[in-house]
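We call the chains A, B and C, going by the order they appear; numbering starts again at 1 in every chain.
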């Protein structure tokens, strides 16, 4: 007698494969699609049991098995692809031309300047960014005005479920959207693009622009809150944070001045899922922006960004921004691309090591496809490292 | 006029419980107490309705122990009193009962226990007949509705003859069944209360009422029991019907007598099998039994649930083997009858058929085949909270809060309508993980919360209803506070003892007899205990889950959340709807919503249905109670609500 | 003149969903028959099943003596159902080729059907089942008539009225009038009589 095993619901697969495995990045891709998943503080919570199969939550999640090479093929020109940092059409240092903007920004204000321009030029009708760190836990917020954009500028060090905001806010009236996304969020948005077009919502077609952010890790809200308490820093006095290059600390900008916390203590607060992330430069965005920090020129470089242009759309926007005088660009210093790639390689290797340790086998790479040529390249490197020893 | 007051010689259709009440009235009852419990509640309810005319004092006490104490006081003062409860209640009253039978009583006092074999409305099918044996109290069991009245009346006489409490035992199929009863006379004299206590401590009738000196009083108690047995020997409530030389003797009591008689009729065995119906089932009269055990060597005992009668008959028989000969016993102990669950005529027919080797002619094979086919079409009808029930909303919020908290917390459940959250996990949204007796949820929670020292680090919640709170929860709550058990305790206050039929309790300012009385406020009690108390409307889903989430995040204190919203079926509500609910068919995306039918599949309100043809949700206006809660759960906001103009 | 029972005892089951007025219907019917001089035994459960579960009242009518409050399997003579699938549920356990069924046609969906776990049989399937398992059956929209009179719960009285006109039992409108005069106010009596008449008309 034939016996067919019951397929697990997408929600259950998500729970078993991602949430219980501590792979969840908190990107919010599975939230806002239905009433079952919500983000609470920085945790993804399943409120009720859903028995649907082939669900969007599972399909959009950046930590479910993903065919990355198919994604790359869809989004980028194969000539532009680099194994370390994804597609690179061009690489610059950049900063917002408006000095007032730069003053309120984390580093060079590039992201805000680009989004402002995109809004002003009607390339997008609204932008989804992570909200200002007045609330310690940021969340995605929709803005369509310059002032609002500027108010929300600045890096956040705990995850913002920005993709949830995309899911929830995009509708017939919101027009074209631009999103500022971390690497995992950019990947989720990219995965959404590969859903068959008969998906009735078609919301993803309204996504015009993704500006990605470099990211090394994010902090667990719960652990970080405890750390702050241990250092007698009140949550509501925190205005911002940064990691100055070369010093082993996290700088905290509070109402009562600047405090420093040893980086090792901060490391212990890193969100577990970050340990399994290979992407330090938001490889699946149109444009990726990070801090220009490197070595001795910190104080000078701190007010500049690194800028990677990846797609034709990104190129178009950057050129427009330069032409309109919203953005200043300059050639990057000689070794900065080298340094960037080195850092990227290190992150990939560490992540792979962690993944293999977690799964217990090089044949099981959790959400990665071990046949992916880029993954294989790094696996081989690891193997040869081993042999060299 | 209540039929309980019918004139003598009238034939009335009485429910078993009504017949018991009538019997008590005919005996000159003055005081009746109890705690609501199915299938016993109607005894007190019907007496309360005629309390004025019959000059009664009728009380719903906070629990069965107190109820028995109140009834006992009346007995000590020379009045006739009755205490009514379901089987669980006897366990609660048992400590006092133990001392009561030792101290003895004065005015006739009857403890009525209505049991629930098969657990039709209980979470156990326990028995209280053994209390009679263990505490050495006479036990009576009526076998039909006429006896329910007559035996109750006689119980008071027996109680006064032996100066001890008497237990009268009924079951659901007697208490909630109805039959013709011919009424007797209602007395027109009413006793005055007089408590005599000046005599010696050893004088049970004139001294202080006390169970000491223990051995002396115990000796006296056993003498009383012997006297009862003498009275049983000639009692008309024990009777035999059947042939002079039966092949099989059935010994039975309670409603099982009706099943046995019907079974004999169905099998045509009336001329071969005799029935000894016992109305006095503890202690057994050896003299009486000897007479009938002699008739044949095959004895079948039909009773429910445990083999109480069977064991006792065997003990008596073992003591007289020389005179009566060796017997073969059929019953529960040998598997002839099932050892659990309630009995019915079919089960007795099946057992009898095996013993007497008679086949019962039932239906034809072709009819049975049709039945089998059609049976497959029939969907189960699960119990669920009524439309508009505040418990559904409460457990929804509790689930939300537990999921957001994320530590795997759970709820210790308790007894009331909300017990269904444990019995049918889907309607409690899988939050309740333990269920036992009244008030035990809080006690268990108090225990679980101390296990964090052993590594169990989860938020522990307990729920109880407003009536249950007064019954048994208070000591457990004090325990939690005093022993620093960090629990979140939720009172589901729907203003009444709902499951059993809206009897009043101390939280309401009205008594069993409809008088205006002071209420005792739950919030104040909890504050006095030292808990942090908050009150919320369970229909405010967001507010309630927010309060719960913050309570669970707070450690180191006892937190109490009182969820106040009147029961949807409360007579006070008069069926008024607050809102008119309707599903907007444009906004409802039906099966294409991607919400996987959250409203119908998860929320489970019977008034929120699924239109199979339109493939959309629809509100059943006939059964919708208009509470408006479903408005908050639809992600498309397709469930519309408008204020009802009543 | 005392009307006679066609069968002694006559076993009647009134079934429905908790809250539909099953108990009241059995009381009214029993009251009429006791007044007519019969022994009536009713077996009921008012417990948890009142919360939306299946409920049954067993009525045993006899001119001779009291009987067990539970009807043995396969021994129902008349089944009165306030809900159609409950009629089937009772039929399957207590039916026999000579049984007659009078049922309301208005569906109350079990929660398991609403959630999609179970399927509710179609009207055709129900009618066909009734035909196969009974000697005579009627499906009437008692709730519809009751709603017209302003209160859906009157469906139980509509069925009593219909039952009277099937002439299967020894009672009539007169007996009903006398029975409700015992406890109801004048307004309630008028409404209940209207419901009775509406039901009688449907047969």
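By definition in this document, a residue touches a chain if its C-beta (ideal position, glycine included) is under 8 Å from a C-beta of that chain, and two chains touch if they have at least 3 such contacts.
Note that this is a predicted model, so its numbers are computed, not measured.
S.K.: Counting contact pairs per chain pair, which pair wins?
M.R.: Among the chain pairs, B-C has the highest number of C-beta contacts.
S.K.: Could you pull out the chain whose C-alpha mean position is farthest off from that of subunit B?
M.R.: Looking at centroid distances, A is the chain farthest away.
S.K.: Just the number, please: Cα centre separation of subunit A and subunit C in whole Å.
M.R.: Each chain reduced to its C-alpha mean, subunit A and subunit C end up 67 Å apart.
S.K.: Which whole number of Å gives the spacing of the CA centres of subunit A and subunit B?
M.R.: 60
S.K.: Taking the mean of the C-alpha atoms as each chain's centre, how many Å separate subunit B from subunit C?
M.R.: Between these chains, centre-to-centre, one finds 27 Å.
S.K.: Going through subunit A residue by residue, note those that touch at least 2 other chains and give them in order.
M.R.: Answer for subunit A, listing residues that touch two or more other chains: there are none.
S.K.: Among all residues of subunit B, which ones touch two or more of the remaining chains?
M.R.: none
S.K.: Can you list every residue of subunit C that touches 2 or more other chains, as numbers and ranges?
M.R.: As it turns out, subunit C has no residue touching two or more other chains.
S.K.: Okay, in this complex, where on subunit B does subunit C touch?
M.R.: Contacts found on subunit B: 11-13, 15, 38-39, 116, 120-122, 144-146, 172-174, 176-180, 255, 258-259, 261-262, 266, 344-346, 349, 362-364, 367, 370-371, 374-375, 377-386, 417, 420, 426-427, 499, 501, 569, 597, 600-601, 604, 606, 608-610, 620, 622-623.
S.K.: Which residues of subunit B touch subunit A in their complex?
M.R.: Listed in rising order, the residues of subunit B that touch subunit A are 399-400, 403-404, 406, 429, 592, 594-596, 598, 602, 633, 635.
S.K.: Residues of subunit A touching subunit B in their complex?
M.R.: Touch list, subunit A to subunit B: 33-36, 38, 40, 43, 45-52, 55-56, 200.
S.K.: Can you name the residues of subunit C that touch subunit B in the complex?
M.R.: 17, 19, 27, 30-31, 34, 39-49, 51-54, 66-74, 85-86, 88-89, 91-92, 95-97, 108-116, 118-121, 125, 129, 132-133, 143, 147, 152
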